[in-house]
Amino acid sequence: MAEMSEMRKVEAIIRPMKLEEVKSALADAGFVSMTVIDVRGRGQQKGLVQQWRGREYCVDLLPKTRVEVVVPERDVDQVVELIRNTAATGNIGDGKIFVIPVERTIRIRTGEEDDEAL
Amino acid sequence: MEKNKTYLLASILVMLVLLSLSPQVAAQEESIESLTESVDSLGTALTFVWLLLCGGLVFLMHAGFSLVEAGFTRAKNTANILMKNLMTVCIGVLIYWLVGWAIMYGDDVGGIFGFSQFCLSGADNAIWNAWFFQMVFAATGATIVSGAMAERTNFKAYLVFTGLLVAIIYPVYGHWVWSGTDLALLTGDGSWIVQMCGASFHDFAGSGVVHSIGGYAALAGVIVLGPRLGKFKNGKPQVIPGHNITFGFLGVLLLWLGWLGFNGGSTLDGSDAFMNLAVANTFLAAAAGAVAAMILTWVKTGKPDPSLTANGVLAGLVAITAPCGSVENWAAIVIGIIAGAIVYAGVMFNEAVLKVDDPVGAIAVHGYCGTWGLLAVGIFSVGMGNGILDGAVYAAGAPGLLYGGVNQFIVQVVGALAAIVWAFVVGLIVLS
Amino acid sequence: MEKNKTYLLASILVMLVLLSLSPQVAAQEESIESLTESVDSLGTALTFVWLLLCGGLVFLMHAGFSLVEAGFTRAKNTANILMKNLMTVCIGVLIYWLVGWAIMYGDDVGGIFGFSQFCLSGADNAIWNAWFFQMVFAATGATIVSGAMAERTNFKAYLVFTGLLVAIIYPVYGHWVWSGTDLALLTGDGSWIVQMCGASFHDFAGSGVVHSIGGYAALAGVIVLGPRLGKFKNGKPQVIPGHNITFGFLGVLLLWLGWLGFNGGSTLDGSDAFMNLAVANTFLAAAAGAVAAMILTWVKTGKPDPSLTANGVLAGLVAITAPCGSVENWAAIVIGIIAGAIVYAGVMFNEAVLKVDDPVGAIAVHGYCGTWGLLAVGIFSVGMGNGILDGAVYAAGAPGLLYGGVNQFIVQVVGALAAIVWAFVVGLIVLS
Amino acid sequence: MEKNKTYLLASILVMLVLLSLSPQVAAQEESIESLTESVDSLGTALTFVWLLLCGGLVFLMHAGFSLVEAGFTRAKNTANILMKNLMTVCIGVLIYWLVGWAIMYGDDVGGIFGFSQFCLSGADNAIWNAWFFQMVFAATGATIVSGAMAERTNFKAYLVFTGLLVAIIYPVYGHWVWSGTDLALLTGDGSWIVQMCGASFHDFAGSGVVHSIGGYAALAGVIVLGPRLGKFKNGKPQVIPGHNITFGFLGVLLLWLGWLGFNGGSTLDGSDAFMNLAVANTFLAAAAGAVAAMILTWVKTGKPDPSLTANGVLAGLVAITAPCGSVENWAAIVIGIIAGAIVYAGVMFNEAVLKVDDPVGAIAVHGYCGTWGLLAVGIFSVGMGNGILDGAVYAAGAPGLLYGGVNQFIVQVVGALAAIVWAFVVGLIVLS
Amino acid sequence: MAEMSEMRKVEAIIRPMKLEEVKSALADAGFVSMTVIDVRGRGQQKGLVQQWRGREYCVDLLPKTRVEVVVPERDVDQVVELIRNTAATGNIGDGKIFVIPVERTIRIRTGEEDDEAL
Amino acid sequence: MAEMSEMRKVEAIIRPMKLEEVKSALADAGFVSMTVIDVRGRGQQKGLVQQWRGREYCVDLLPKTRVEVVVPERDVDQVVELIRNTAATGNIGDGKIFVIPVERTIRIRTGEEDDEAL
């Protein structure tokens, strides 16, 4: 339980088209492992106006991509910085990063825990 | 004597020649007769082949309708829609065999309906051929309704309604127009309507019989049924996008192809060259309808709308169905353009004013443009035997408004109204 | 002298007339001959056109099969299934040109197989036409197998099996039935089987030649192959749902349309009016099969099952393929209904009892209903020349059980068994 | 006197017989004439029916192209691609009516283009029929371009380009080849090119007129347009996978079927038996092209590539389009195999060397294989009237290289180059 | 690190058809931002029985929608209450709400952290 | 707030084909409730090489399935063990388990909290 506060899940909600860039930036810095989820979200960004049979309608949940990387606490700043640098366009809708505590990490294959599990 | 001998010889000669000639001429008589028969039956065979293949193309329209309806609605209703469309064909085949044909083409009862040949009793190959071609039309009329009622109809109720449509609603109006009997309400020489109007109603391939009937029956159905959950919020129409535009567009192209059989085959004669005019006009009107609808939505909404453009194709096709064998090429284009406008206006009108929910625009396409097609005959018809229609045998009899005639227009109005009233009213009664 | 002169004049007149007449008559003789030729070649041309177009419709069935198989299985196997189906056509075309035709229609070897015209050597336009129409049938037979073996077949092994099917399994049975030679095992007047049974086997368009052969070869394949991973858990069949019902239903409608060419074209004569009876019966049986399957699943499971209803359409079509030119309309409907029931029972039986895994129901549809279609000829056949078949030239020769005949039924049983044994046994041997 | 009486009686008899015979012969003369007319017009009717249906099949190719293009590209561009393809047809119909036909088949101006019959003025049923069949070809040529330019073209610019293609680029080259006028640049007896080469260019159904023109116009378009965003990274081609292989394969099968009409109908005569040779060769080449492409990708990449195999089908079809009525079966297979290889090499070459981005392989399929088809005529042509072409009226006039002729090959090279230069250069000019 | 315990991610698993309602209730109360994910789940609710080729089979993971809202600790009660009020039907399968600690929150566009980042 | 440390979300990223097994193993041990999400991920496992039009390309995010189970702290070990035992194949790509603290748990239907809410 000593390592409890030492693992963090960095959840970054980004633009789908930024995924490739974020992925390679993280990989280049040694953070190859990650999990990616397609989500929809809204924040300060307005929805998208679409048309069907001559009428407009608003899709207010926009497609976003969530990249999740579990890292030791010491790497959090670097990961956050990497994501920020590559995922930012300066326009509304760039997304958010949430850092969440992870109590334990287990590698299913071997049963290794925490640091060794990453 | 010499001379006489000469005569004798000459005469004998002549007689010999004659004797050899006479049976030859008789034999030729026979071969000519048998040839004439062969040629006639070859003509019939050509018609059989042509109508079977055209019927096949019309049958393909069911695939087209299925795809348009499935593609332009939500994924969760796809299985239901497909089942409904497949069952429409199946019921169409069986019921039109059982009852529909008898009511439409059986022995005439007062010009109102037919009543004989149930179950095609006594049929021969000519009847099977005709039945097949007519049956695919009947099933098409029925399937129109499924589009308008998509995404909310009770399956069992739908099946019953389809059965009644193919058994009664469709064939009765069909009898008025296509039965060919002297008293046939809208087209027979002995009918009071024809005599009153001074011209016979003309609906080449069914802007009225198939499309108006289907379209206004659909209107009745949609009104009885009410809109889909969530279609209107505080009276304001909401958007419910379709789920697969590729299916929708494939469907439209299959429908277009199907119309080659629908209109091309409707001279019912493989040797009638005017099938070519009909087909050329059909394709021109379809293209014009699409372009018109595209430009309209482009101007109105800032971008060309795919599903309304697709409706524009169908609008042009439905509208040209009645006049395609009676008008010039330019008129076909004009008819198509106006149809494209009608379908756009009609869809908006249905949603915003009538507050009816018609997911694929079936009422505007088949109902409104069907009516427009019938009226267009009265406006643009060249008149059988005139100009390009020299030699035509199946076209509107009298010239339209633009060619100085009035009677044809009047009778078209009467026939168009008859279709609306008959399909809508009987549809309402049956459904409630 | 005057009289003589008169005679003279008269005679000269007569001779002149005769002289003018005789070459005219001769000339007419010639034009009649050339006309007869024109009419004949026009008849041939009509047949060419008709069979090319029917062949095209049958070719469309490959699209239909591809869609049904892709739609009714899992998304992950789609590319594999599509490749398999496309290659089936390609191999079908090439191998049937190389070998298949030669074995089926080449010079007869003891009624068992043909052996000449490899690579269509010496072909003329009549042969190319016939080859084309027969080739699409052969490829259809082959593609049936792909459906049953979907989602687990080794691609290379499948290609080899398809080649052998088109080169040998299909054309040998086809030779027995359709080669038209006097010794042809199941249909030739000189065949011991025909003589023993007292009637000639009749398989109009291939309930046996195409569908039984394909279906039972598929059964062999499926047994050798074993079920898909996870299809059976402790012997209990598991559900593996398809991924796109729209593709499946589009496929079914294309198959139905294809059958217009399949059955309609099978009189092999554009001037044979009985194509109309064949087509009418085809559509009635398909509709009846679908309705029957729908009602059955509705009653048994509480709701109408889409994919089994779709199978019902195909069941009706397969079953009516043999009898469509030999039975009355009502019989076609009965045949379709029973086929609809067979396909439901067959699918359940295969899964629950035989424990074979047939993702799209190909064995029940083509195998079981193919056999049923062959037997149905022996039950419902009116008998060539009787009743509605007055003037028919390609129908079952003798009346069926219901019309007092027994021989036709017997020979149908023999032919149906021959198809099962031949396709299943040779299939097993080839595959293992 | 007695004798005289006898003569008299005999003569009277003779005259009576003659009198009865003469009008009969005259009447027969008339019936023969009217029969001849009936037979002639039946022949025309058969051609009408045949060409309308073949035209319908060619029209179906638009559905095929739409599906291939939509399926082999990304989902997000589907609506755009479908709209483009639908509008190509619509514009094709309208512009070919307005201008295209006039430039292609109007009164000849120096062998270079036609100029009359705008808006089909003065058309009769024969013209409408011919227009319809030619129109679907023109629209096909136009739609090829949409495939190559998929996923990045400005919609408005595309519409304009399509209009110009159907109005000018296509019909001018078409005039050189198919107008039938004495001066027609590539085929007329009076053309300097034909006289110089000593043979008339032969392009049966349009490897050049339709496919080369479409393919090289597409090449021009693709060069002007540049690749899709992300297609090349540091000059290296990136993979952009398609989104729905089922649509792609369905499209290929529909295109294949369409070619039955494309090549089968191109004798323009329902009674020309050589339609059968054309169709048989068409199917053989398509199958061979697919098998070749499959094996090649299998060998090169370790697994058979579905979308390149699908391209192989089309490659074979495009290549056999010119020679299908002039070569033997085995040659059709060889032509198909080479086409399959060309399409594989061409796709790789375009990406790796030319660095052009052609999402569906349209340039390799229609451009390169179109050129190959034209050259193949010069290599494999049997020569009209020789061997299997005894009685043929629409085939390459002179034998090809393999049959000892050189002239036909030379003129094919000239015609093939003319297509490349004309389509590519005018395409470039129009687009920039 | 002072704000560590002050941010919470409220993860609500709800019925898909309740999404619209929940969305507007939250927006009306000022919680516009959110991320939405399609999930499948099971709890006390039985699976759905479906049919294919005449045989029934049970889909035991039902389609659910997960709404995730990151808010300061002080707003958690209100957000939970809002979701509960709009998403509840009273029938089994209504779903669950989980509140998870968030250590840091970063706005990708600006780099602002925590409270300012929302 | 007493129960804060007593709830945990066990997030297991597993091979999609292992879902059925994991599901029934958990259910057999009494952990029926769960939420499942389709994700894509990469770790030490190489991507998948695919082919399109004769060219190879690498899909470096592989399809994975994430199973999320919220349980009281005391059950975490058992759940982790169950998942490990059923999801492991011994090959690279077996996946990871992350244990994340859950502050509060609310059942939407009833409003019950924490232990009673599960």
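Order as written gives the chain letters A, B, C, D, E and F; numbering starts at 1 within each chain.
The rule is simple: a contact is a pair of C-beta atoms (placed from the backbone, for glycine too) under 8 Å apart; a residue touches a chain by one contact, two chains touch by 3 or more.
All figures in this text were calculated on a predicted structure; none of them were measured in a lab.
Colleague: Looking at the contacts, which chains touch chain C and chain F alike?
Modeller: Of all the chains present, those in contact with both chain C and chain F are D, E.
Colleague: Higher C-beta contact count, C-E or A-F?
Modeller: Here the pair linked by more C-beta pairs in contact is A-F.
Colleague: If you average the Cα atoms of chain B and of chain E to get two centres, how far apart are those centres in Å?
Modeller: That pair's centroid distance is 54 Å.
Colleague: Report, in whole Å, the distance between the mean C-alpha point of chain D and the mean C-alpha point of chain E.
Modeller: 60
Colleague: Which positions in chain E are in touch with at least two other chains?
Modeller: Counting only residues that touch two or more other chains, chain E contributes 37, 100-101.
Colleague: Would you please write down the residue numbers of chain C that are in contact with two or more other chains?
Modeller: Within chain C, residues 4, 7, 11, 14, 18, 21, 25, 28, 32, 35, 39, 42, 46, 49, 53 contact more than one other chain.
Colleague: Line, ring, star, complete or other: which describes how these chains touch one another?
Modeller: other
Colleague: Per the touch rule above, enumerate the chain pairs that touch, sorted by label.
Modeller: Contact pairs between chains: A-B, A-E, A-F, B-C, B-D, C-D, C-E, D-F, E-F.
Colleague: Per the contact definition, I'd like the list of chain B residues that touch chain A in the complex.
Modeller: 237-242, 297, 300-301, 303, 305, 307-308, 344, 347-348, 351, 361
Colleague: Tell me, which parts of chain B touch chain D in their complex?
Modeller: Residue positions touching the partner: 4, 7-8, 11, 14-15, 18, 21-22, 25, 28-29, 32, 35-36, 39, 42-43, 46, 49-50, 53, 57, 245-246, 249-250, 252-254, 256-257, 260-261, 264, 270-277, 279-280, 283-284, 286-288, 290-291, 294, 304, 306, 309-310, 313, 329-330, 333, 388.
Colleague: Which stretch or stretches of chain B touch chain C in the complex?
Modeller: Within the complex, chain B contacts chain C at residues 3-4, 7, 10-11, 13-14, 17-18, 21, 24-25, 28, 31-32, 35, 38-39, 41-42, 44-46, 48-49, 52-53, 55-56, 59-60, 62-63, 66-67, 70-71, 78-79, 82-83, 85-87, 89-94, 97, 119-120, 123-126, 128-129, 131-132, 135, 155, 244, 247.
Colleague: Within their complex, state which residues of chain F touch chain E.
Modeller: 7, 9, 23, 32-37, 70, 100-109, 111, 117
Colleague: Which residues of chain E touch chain F once you look at their complex with the stated criterion?
Modeller: Per the touch definition, chain E meets chain F at residues 8, 12-14, 37, 39-44, 60-61, 64, 66, 76, 80, 83-84, 87-92, 94-101.
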